[in-house]
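Labels A, B, C, D, E, F, G and H are assigned to the chains in the order they are written; within every chain, residues are numbered from 1.
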Amino acid sequence: MQCNGKTVLLPVPRTLQEFLLEQQYDCQAVAVERNGEIVVRAEYESTQLTDVDCLEIVRFVGGG
Amino acid sequence: MLKEAFIITDLLMIGGHSFQSRLILGSGKFSLAMIQAVIQHGEVEMVTLALRRANVGGEENILDYIPAGITLLPNTSGARNAGEAVRIARLAREMGCGDFIKLEVIHDSKYLLPDNYETVKATEILAKEGFTVMPYMYPDLNAARALVSAGAASVMPLGAPIGSNKGLCTKEFIRILVEEIDLPIIVDAGIGRPSQACEAMEMGVDAVMCNTAIATAGNIAQMAKSFKLAVEAGRLSYLAGLGRILDGRAEASSPMTGFLTEKD
Amino acid sequence: MLKEAFIITDLLMIGGHSFQSRLILGSGKFSLAMIQAVIQHGEVEMVTLALRRANVGGEENILDYIPAGITLLPNTSGARNAGEAVRIARLAREMGCGDFIKLEVIHDSKYLLPDNYETVKATEILAKEGFTVMPYMYPDLNAARALVSAGAASVMPLGAPIGSNKGLCTKEFIRILVEEIDLPIIVDAGIGRPSQACEAMEMGVDAVMCNTAIATAGNIAQMAKSFKLAVEAGRLSYLAGLGRILDGRAEASSPMTGFLTEKD
Amino acid sequence: MQCNGKTVLLPVPRTLQEFLLEQQYDCQAVAVERNGEIVVRAEYESTQLTDVDCLEIVRFVGGG
Amino acid sequence: MLKEAFIITDLLMIGGHSFQSRLILGSGKFSLAMIQAVIQHGEVEMVTLALRRANVGGEENILDYIPAGITLLPNTSGARNAGEAVRIARLAREMGCGDFIKLEVIHDSKYLLPDNYETVKATEILAKEGFTVMPYMYPDLNAARALVSAGAASVMPLGAPIGSNKGLCTKEFIRILVEEIDLPIIVDAGIGRPSQACEAMEMGVDAVMCNTAIATAGNIAQMAKSFKLAVEAGRLSYLAGLGRILDGRAEASSPMTGFLTEKD
Amino acid sequence: MLKEAFIITDLLMIGGHSFQSRLILGSGKFSLAMIQAVIQHGEVEMVTLALRRANVGGEENILDYIPAGITLLPNTSGARNAGEAVRIARLAREMGCGDFIKLEVIHDSKYLLPDNYETVKATEILAKEGFTVMPYMYPDLNAARALVSAGAASVMPLGAPIGSNKGLCTKEFIRILVEEIDLPIIVDAGIGRPSQACEAMEMGVDAVMCNTAIATAGNIAQMAKSFKLAVEAGRLSYLAGLGRILDGRAEASSPMTGFLTEKD
Amino acid sequence: MQCNGKTVLLPVPRTLQEFLLEQQYDCQAVAVERNGEIVVRAEYESTQLTDVDCLEIVRFVGGG
Amino acid sequence: MQCNGKTVLLPVPRTLQEFLLEQQYDCQAVAVERNGEIVVRAEYESTQLTDVDCLEIVRFVGGG
């Protein structure tokens, strides 16, 4: 699977929720795009990730 | 008392929200530790942010450093075309901090000049999706009109290249926008000194956005306060009405009545 | 709190007196009724006055319109040479309002440009008599040095012809005075807009004197407040240290890290 | 006598004090120069005016 | 001899044609009788024309007043969108005076600012049809790049609104075009004085177009010659390489060796 | 023919001598070998020189490098007061090259600003001794009037500090000299680019003196020619009469008659 | 027929050539658009005008 | 004797003319001030130098 431009292996099936926790992302501080589409927080749990998925996980930083 | 009178009643309206402050702060180039002091001394009510990829593991969250009640204005920096800008805007809104978006579409890494054409396209899409779109733009009257039609909530013409501190190089054309465009005009990029922010406001611009000028100052909290005062000064003088300029000669400010003259 | 910190400690010293305000008000061209509002909104601590022949019978006295605690700065307007200036200064002091004198010697009725040579002569005489001499001058480094030797308490270089509202036409040379002269530098005459007063202060000038720009504004009390804020802004930014100016290209204020790039 | 550029007749001898009061000048709001020399307030009473005197009587007005 | 050397070899190339003159003349606002003198004194090789409806019956033909050998540059003035501009360009070519076209698309009657977007569209069509397209444009780097891709033979950025004689208000951005765009850059509109044309050329612009500044002069033939000289001066100084600018202090142009010093 | 007409009749008169060229060349900072080419390409008729102590033994003589027919203008550089300037002027005249003297009195080694007061004193003495005195001065109207009374043959106000190439920083005040002083006004010092020399001439200045701008150029002979053309251009436009400047809107240079309009 | 925005009557059939001459246009100094299309000079003679035609006949004037 | 700020010994009496030639100055290219007064060329020969004299011998150089 692609995540923020890097290839990540998914040994076992994972929901987005599980993946974020495993990777220690702060769910309250990020937003997620999956294959070009937004995933709303409410659907993190029900979103099943697959090897062909491409994720963008972003957060706020300082910017002008 | 008059003093209060002319301040309280002068609000900046953007997308249905109202602001007393006419200084918008860019949060780039600061250490997180400084942001709060800058916001306080600048008495700003709106702060821009950028979106970037989150790294694995706990990182500091800039939102923890921004006081409650501040309106967040995420930008689409990094977008090189309308499509990318739209994706970034949607991600930004998903952060749950409101529907303001500072739209910037740039594919020139040297001068960072915005692409007006792609910006108009993205504005159209995002406005339809209910965003309060504040597009960063090159001050071209025709493009500004297209942005109005596309549903922008304001226009943000540049004064000079981003981060240059060069000042109001586009003065003549921002003047035309003030004249012709019925949206809040916010000068963004290039303003390097409080006097330049003050001059922009004197021209009738509705607000000024500032980041580098403060971030590169010696004492950034003090510079933030300086910009706050300068923007307020410029706004007041615009409302008060500037005096005429004499072309040639001078005009005495003391009576010209003869005095001691018989002593010659 | 920091905010207070950097204000309270920054005082303007002239002839042993200290001032928090760096905006000096000229009282010409106003109706007496307005002066108090202008002083209040401008938060000024020093106001200039002129001397003229008294008429027979009761006339209104401008002193009745100036709040207590304001330092009066009588000028020698009308003097065309050192001798006349000295006589007017002595009469002014006899009014019992202190020993400040704004020395001006002018014999050109078109541009009202000061005569530096006669001004130096009068400064020498008046300083010896214990006056706190603040000479209005044409910004010439050599003349400024002569005024220092003659005992001036400050120098007041012009920005543009009196009453013209043309702004800082002498910028390059006032910059040199700031660099070279160890007395308070007060830009007098020509400043037409708050942004110009702000810029003068950013350059390191110690104070700005203003009359026509306020008197010719639409709302003069509001314009007084605007100048007060602009002068304060300029001073703060000078103390804070202005950021660098980029010559060519731009410099991003958001991180330039790759983002969405693999989508190309 | 000359006063503020005009000729004034002095029928009878006058002190500066008397002259100012007669002419209704506000002594607290003016300063006086006599023949090029300042006259301090304390000396208004003792200053005897003569036909050859030249007075300047001034007050403050608005000026920049 | 050197003098000749550096002139002869410096030609302006546009669409395969070469020119010695870098001053392009606009023929508006002149009486036909004056045009020849202006062309002669300005030593111009290219003159713009407009197309308008012919009236019934014999009218004077402007072509009878333009010497042989002058390259004609018809404009598309009156066009408010790409389609109209294309039609006018085709009519112009049908006049049989070559394939040069000065493309202008304007739908703002107050500031007459060009519509870059429509201009790019028309450039694409006309370039394909073999025109030598010289588009009048608002100096926006992104638009200029689009014009390059669309097949323009040069870009003609404005200095200020048409006919205003306001000068190089877009200086900072024309400088960027000179830096980034590989086509002849011709400043068109706004140039009001020879010194401004000279400055544009010093910046590295390839040519200057001028109409109103000459047409509104007191002696138009003399002003044409003045512009010719100023453009040549600016070009030469650009080729020669301008000297450095000192920031602060001065630098003597006479030896600083001690002299008469022992007399002190 | 008109072309000739307006050139031949426009001569610069100084101290009874007439000149066709309005560009005065300073000979400092050049290798002797280059001087002749600069004079030729600049078509100058007057060249300044400095005096310095002669060394024992044969040295190259700069006079051998200056073509016959050029008017020499020795300066008093090195003089720090009127007395020294007078001595240098007398030595210069003793060289047997005429009675022109460029009077400069400077005692500030950082900005090299002239001392107007000492300059007036020296002018008085030298004019009485029959010199054609051309004083370098700080552009102060009162000082210029004193120089006229003292017998100066021209006034040479500075545009910016010597050698700085900063341009016409004193514009507003040189304009006043042009208006008020009935002697040839020659801008000396600070002019860094041909466009600045052109602008000075457009303002009505009678001539421009140039040294550093040429000496620091890449190709100095070419830059000399550029200045020659720019000065001529500025003079011609001044004589021709500059066109008006529009404040707001634009003014079409093509007919505004309806065209293709029924196609809408 | 429309010509330069005005209605013109064509009593009898006319070629463009004839029309231009009749109306005293200088054929060498004009260009013609018919119904949005250019008409090259060579075809003036062979171009038959009809009531529904719309002509633009233009010439050069001074312009910047 | 002082010459251009340096001390010069005059073993035997000299006229200015002799001195200049000895020192190989180009008489046509210099001007001379003696004790603050100009010496015109015509008087070089008749000008007798003494130990207390102070000379300035100058020439033209490039200058702005």
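Here is the rule we use: a residue touches a chain if its C-beta (ideal position, glycine included) is under 8 Å from a C-beta of that chain, and two chains touch if they have at least 3 such contacts.
Because the structure is predicted, anything quoted here is derived from the model rather than measured.
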| item | value |
| --- | --- |
| Touching chain A and also chain C, the following chains | B |
| Of A-B and C-F, pair with higher C-beta contact tally | A-B |
| Chain whose Cα centroid lies at the greatest distance from that of chain E | D |
| Per Cα centroids, the chain farthest from chain B | H |
| Whole-Å gap separating chain A and chain D, where each centre is the average of the chain's CA atoms | 93 |
| Centre-to-centre distance between chain D and chain B (centres being mean Cα positions), rounded to whole Å | 61 |
| Mean-CA-position distance for chain F and chain A (Å) | 72 |
| Shared interface positions of chain A, touching two or more other chains | 5, 36, 56, 61-64 |
| Where chain C touches two or more other chains, by residue | 26, 28-29, 50-53, 75, 77, 87, 110-111, 113, 162-163, 166, 211-212, 252-255, 260, 263 |
| Every chain pair meeting the contact rule | A-B, A-C, B-C, B-D, B-E, C-D, C-F, E-F, E-G, E-H, F-G, F-H |
| Residues of chain C touching chain D in the complex | 26-30, 32, 35, 48-54, 56-59, 61-63, 72, 74-75, 77, 87, 90-92, 94-95, 97, 162-163, 189, 209, 211-212 |
| For the chain B and chain C complex, residues of the former touching the latter | 2-3, 6, 26, 28-29, 37, 40-41, 50-53, 75, 77-79, 84, 87-88, 109-113, 161-166, 192-196, 198-199, 202, 211-223, 225-230, 232-234, 236-237, 239-246, 249-257, 259-260, 263 |
| Residue ranges of chain D in contact with chain C within the complex | 4-5, 23-26, 29-33, 36, 38, 40-41, 56-64 |
| Chain F residues touching chain G - in the complex, by the definition given at the top | 252-255, 258, 260-263 |
| Touching residues on chain D, where the partner in the complex is chain B | 2, 5, 36, 56, 61-64 |
